[in-house]
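Look for chain A in each of the two complexes below; its partner is chain B in the first and chain C in the second.
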Partner chain A sequence: MSGPLYLAWRYLARHPIKTAILVASIALIAFLPAGLDSLVDQSAARLTARADSTPLLVGAKGSALDLVLSGLYFESDPPTPVSWSALERVAESGLAEPIPLHLGFRARGHPIVGTSLEYFDFRGLSVAAGRLMAMLGECVVGAGVARELGVSTGDSLLSSPESVFDLAGVYPLRMRVAGILAPSYGPDDRAVFVDVKTAWVIAGLGHGHQDLRSPEAEAAVLSREGERVVANAAVVEYNEITEQNAASFHFHGDRSGHPLSAVIAVPRDEKARVLLMGRFEGGDETVQVVRPAGVMDELLDTVLTVRSYVVAAMRSVAVATLATAALVFMLSLRLRQREVETLVKIGAARGSIAVLLASEVVFVLAAAALVASVLTLAVRHFGDAAIRALLLT
Partner chain B sequence: MRRLRPTPLLAAAACAIACAAAEEQSAPPRASNEDGRLSVYVVSEPLRSFAQQIGGDRVEVVFPAPPDVDPAHWSPDAETLAAYQGADLLLANGAGYASWRERATLRRRGLVNTSSGFADRLIEISGSPTHQHGPAGEHSHAETAFTTWLDPRLAAEQARAVSAALERERPEYAEEFQARLGSLEAELAALDARLEQATAGIGAAPILFSHPVYAYFERRYALNGRSLHWEPDAHPDAAAWAELDALLEAHPARLILWEAEPLAQTRGELAARGVRSVVFAPGGNRAPDGESWLERMNANAARLEAVP
Partner chain C sequence: MSAAVAPEPTIQIQELRFRYRGGEFALSIPELRVEPRERVAVIGPSGSGKTTLLHLVAGIALPDAGRIRTAGADVESLDDGARRAFRVRRVGLVFQEFELLDYLSVLENVLIPYRMHPALRLDGEVRERAHDLAAQVGIADKLSRLPGALSHGERQRVAVCRALVTHPDVVLADEPTGNLDPANRDRVLDILLDCVSKTQATLLTVTHDRSVLARFDRVLDFAALQAGGPSTP
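What follows is the complex of A and B.
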């Protein structure tokens, strides 16, 4: 190492705290916009990936964003329900494969998603332990739910009442855990999946009770008039579906009127997608078909606008930081005036002194650039894993 | 383009990272057998017979109900349900037959209700009790007669539904399936003609059915029947005989159709009342002796033909 470079190095080494502060502040201000950019890009990619992979969502007319956030991420309140007939319309069109979604109930804080087996195929979800639900009253829990609640196959999970004060409302249902899903690092990890019919049982649209013709139920019968039997509230209704009482479970009313929160429609091809969207257009139509990718793009456009403001603000801070660093160097130079004079007196050339001082600045800037690059690369490489870990906990 | 509402927008922005999800689009393959045959699960013997006859060696037909139970009231265990879930096709009878389907989680794709084409011709069983309890209001568990195949013309419609489902899954063998369907339709038409002739002698004369499972048979051949709830392997008690005697006064039947051979004592006591017992097996489940469903139906017809 030549003389001026060696002296510059020794100077920085002699003042480690000052050097470290300079390197850290310059590195951070260079890293933050790039790192934030990278993190937001990765998060946005994940967010849009779920929307991109969900071709169409059918729901009640209203906020498309609420429908998408509920139907895709099980967040926010469930949207206004549509009837099962909306799913039948999709199926009968022959244009798309419908997958029902019933949302709104929770089990120990986790959303209960009433759906069909096709949902697991569609999302590419696999079972890590046990099996998919097969009978009324069974549930399959996401990896995050299993980890957080410590449940395993064969355990029970109780649905939460809609309201603790709603004494006449929906009874909780004890659900048997049939299987646990492998981690998918998304909303499915935090959900409890049941057959949509089980969701209807929780909603009180189906139930199992004593046979009112049996002697055991006699005490609960208020009157019998031919084939008409009126029972009081003492009739035993089951809050758990077992092999013994499963046959007594039944649904009331017309199936086509039973509620769904949304329907995922998987069209055969692009033409079918457009045709299906056209089928649900019309002023008196109570059902809407949305393209989740379009809705999320709209949302992300807004989020990315906010990001650009943040990045602009950071750039201003960067300019201020660099100006401060320049000031630090200039003040440092003034404080070192006597040191410079000493160098001149012992015969150092003015050029060598300039090289010495410039080298100190270059060393600091180079070190800061190196640290910023390492941090940015780390975010690019490990940001995805960090987000996954964050999502699963 | 709709404007975004601020409240969900903020919520969405807040959960933008938390909601992000990895997509692993590796949908499991369909469950065709290793040899490429279509995996077809059914809920009754007639459907097993139709699917096997139409599909030939292009399909593997599975009917998991044990031979000693009535498939209408049987419930598969979880393991069997998982097998049903994995099938390429699940042929259901509809009309409320195999009610376990209502309580099971099955794939919509591949599920074929073979009686949906004549839903408007299904027979509702009267007398289902109406009851009321709790806030749900008055309701009844109305039932539908489900042995649709006892009307061979409806059975032929079910066979056509089976063929259509097979053709949808394996269009490359459509001609083959159609040819076999043609043969089956001819056999069913011959059975229908034979039963029509065999029941012509009964006409509008009163007859009895040991169980209310002959509704479609009764309607098809314009019979005048009343149903009991008698089991072939159990001797009716005194109350049941008294009910029968009362019924015979209003409905002087000289013939009773049984699902299976009744006890000799029952047969004798009925004969003493002038009521002849004839076995007419609905054939919902496999025959213990390996007889095919069509053979059983033709045997039923032969027994009816033997009635003087």
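What follows is the complex of A and C.
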């Protein structure tokens, strides 16, 4: 190392705290805009990837954003329900394959998603342990749920009571964990999946109770009129569906009126997609068909606008920080005026003194650039993994 | 038979005039000669211009008029770069306040001239000379220390080493004992005079401390010097 460079290095090494603060502040202010850009891009890509892979979403008319956030990401309150007949309309059109979604209930804080087995194929979800739900009352949990709750196949999960003090309300259902999904690093990791009929049981639309025709249930019979049997309050209702009592579970009312939160429609092709959207566009139509990618693009436009403001603010802070750093250097120079005068008196070359002072700035900037680059590279390399970990937890 | 040619004086000043820019202070020295290997002290009150005289001799400041010849070079005729090169090679400077760089070790301070001018090359021989000088002045065991860990006397000894490490023709010392207690004053002066003798350099010291004057070959009264008067033997 040449003389002035060596002296510059020694000066910085002798003042490690001042040097470290300068390097850290310049590095941070250089890294933050780039790092934020990178993280937002990766998060946006992850968000839009799920929307892009969901061609159409059918739901009740209202906020398309709420429908998408709820139907795709299981966030926000469930939208106004549509009836099963909406799914039947999609199926009968022959234009798309419908996949039901029933949302609204939770199990230990995680959303319970009532759906069909087609959902797992559609999302490319695979089972890491056990199997998919095969009978009423079974559930399959996402990898994040399994990790957080510490459940494994064969364990039970209780749906959260919706209204503890409502005696006539919905009672919790104990669900047997049939399988655990492999991590997908998306909202599915945090969900509990059940068959849509199981969701209806939780909703109170279906139930199972002791057979009132059996002699053991005589105490629970209020009256008998031919085939019509009226039970009293003593009748035993099941809060768990087992192989023994599964047959006793039944649904009242017309199935086409049973509620769904949304229906994923997977059109055969682009033409079918356009035709299907057209079929739900009537003025008196109570159902809407939305393209999730379009809805998310609108949302991200807003997010990206906010990001541009944040980045602009950061750049202003960066300018202020650099100005402060320049001030620190200038003040340092003033404090070292006597040292410079001594060097001049001794006969130090003008260039050597300039190199000495400039190389201190260069060393600090280079170190800051190095730290900022490492941080930016780390975000680019590990940002996606960090987002995945965040999503998994 | 031709007469022997007298050696050229190491420092020669003729009709020197100097005025600080924008200032009232003016310095005027009709003549000054310091012979090779001579050890001269200039005595005078503080603020009389003694330090300015050293700056002019070293080429740190330039005269408004007159001639200054130091170690065979017409200092006032050299450009800034040449003056710096001349100074770093031919002149050693010792300051009252030592002027050591607090972030460098003792050895690194001694070697500063070699690090701050491309005309000088730092090699093993120079390092050896620095170690030898340090041993002569009694700081050989403190070469890796920082100046802050040294006493005033030790710091001035480091400054003496720094002034002598380049083997200068002239050593200019500005109140070298001004900041030292009597014991350290005598010790540092012994070292300075001894080292200058060994390197056969010429020494010009300015001081206001009359107690050290007896140690020099010649003493110049600064007021008399400006008036063109005689030196004090």
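Observations
Just so it is clear, the second predicted complex is superposed on the first by the 393 of 393 C-alpha atoms of A that agree within 3 Å, B and C clash if a C-alpha of one lies under 4 Å from a C-alpha of the other, contacts with A are read in each partner's own complex, and residues count from 1 in each chain.
In this text, a contact is a pair of C-beta atoms (placed from the backbone, for glycine too) under 8 Å apart; a residue touches a chain by one contact, two chains touch by 3 or more.
Here the structure is a predicted model, which means the values were calculated and not measured.
Of the two partner chains placed by the overlay, only chain C lies in contact with A:H15; chain B stays clear of it.
Applying the stated contact rule after C-alpha superposition, one finds that A:E240 touches neither chain B nor chain C. Shared-chain residue A:G204: touches chain B; no touch with chain C.
Look at A:E88: by the touch rule set out above, it reaches neither chain B nor chain C. In the superposition on chain A, A:D41 makes contact with neither chain B nor chain C.
Between chain B and chain C, it is B that contacts the larger number of residues in chain A. After overlaying the two complexes on the shared chain, residue contacts for A:I346 are found with chain C alone; chain B is out of touch. Shared contact residues on chain A (touching chain B in one structure, chain C in the other): none found. Within the complex formed with chain B, the residues of chain A that make contact are 39, 43-44, 46-47, 49-50, 52-53, 63-66, 69, 73, 75-76, 91, 97-98, 116-118, 121-126, 131-136, 138, 168, 178, 184-188, 195, 197, 204, 207, 209, 212-213, 220, 227-233, 235, 237, 241, 243, 246-247, 249-253, 298-299, 302-303, 306, 387-388, 390-391.
Within the complex, the chain B residues that touch chain A are 1-2, 4-5, 8-9, 11-13, 15-28, 75, 78, 81-82, 85, 99, 102-109, 127-141. Residue ranges of chain C in contact with chain A, taken from their complex: 55, 58, 60, 80-81, 83-89, 91, 93, 95, 99, 101-104, 108, 112-119, 122, 162. Chain A meets chain C in the complex at residues 3-4, 6-7, 10-11, 13-15, 338-339, 342-353, 356.
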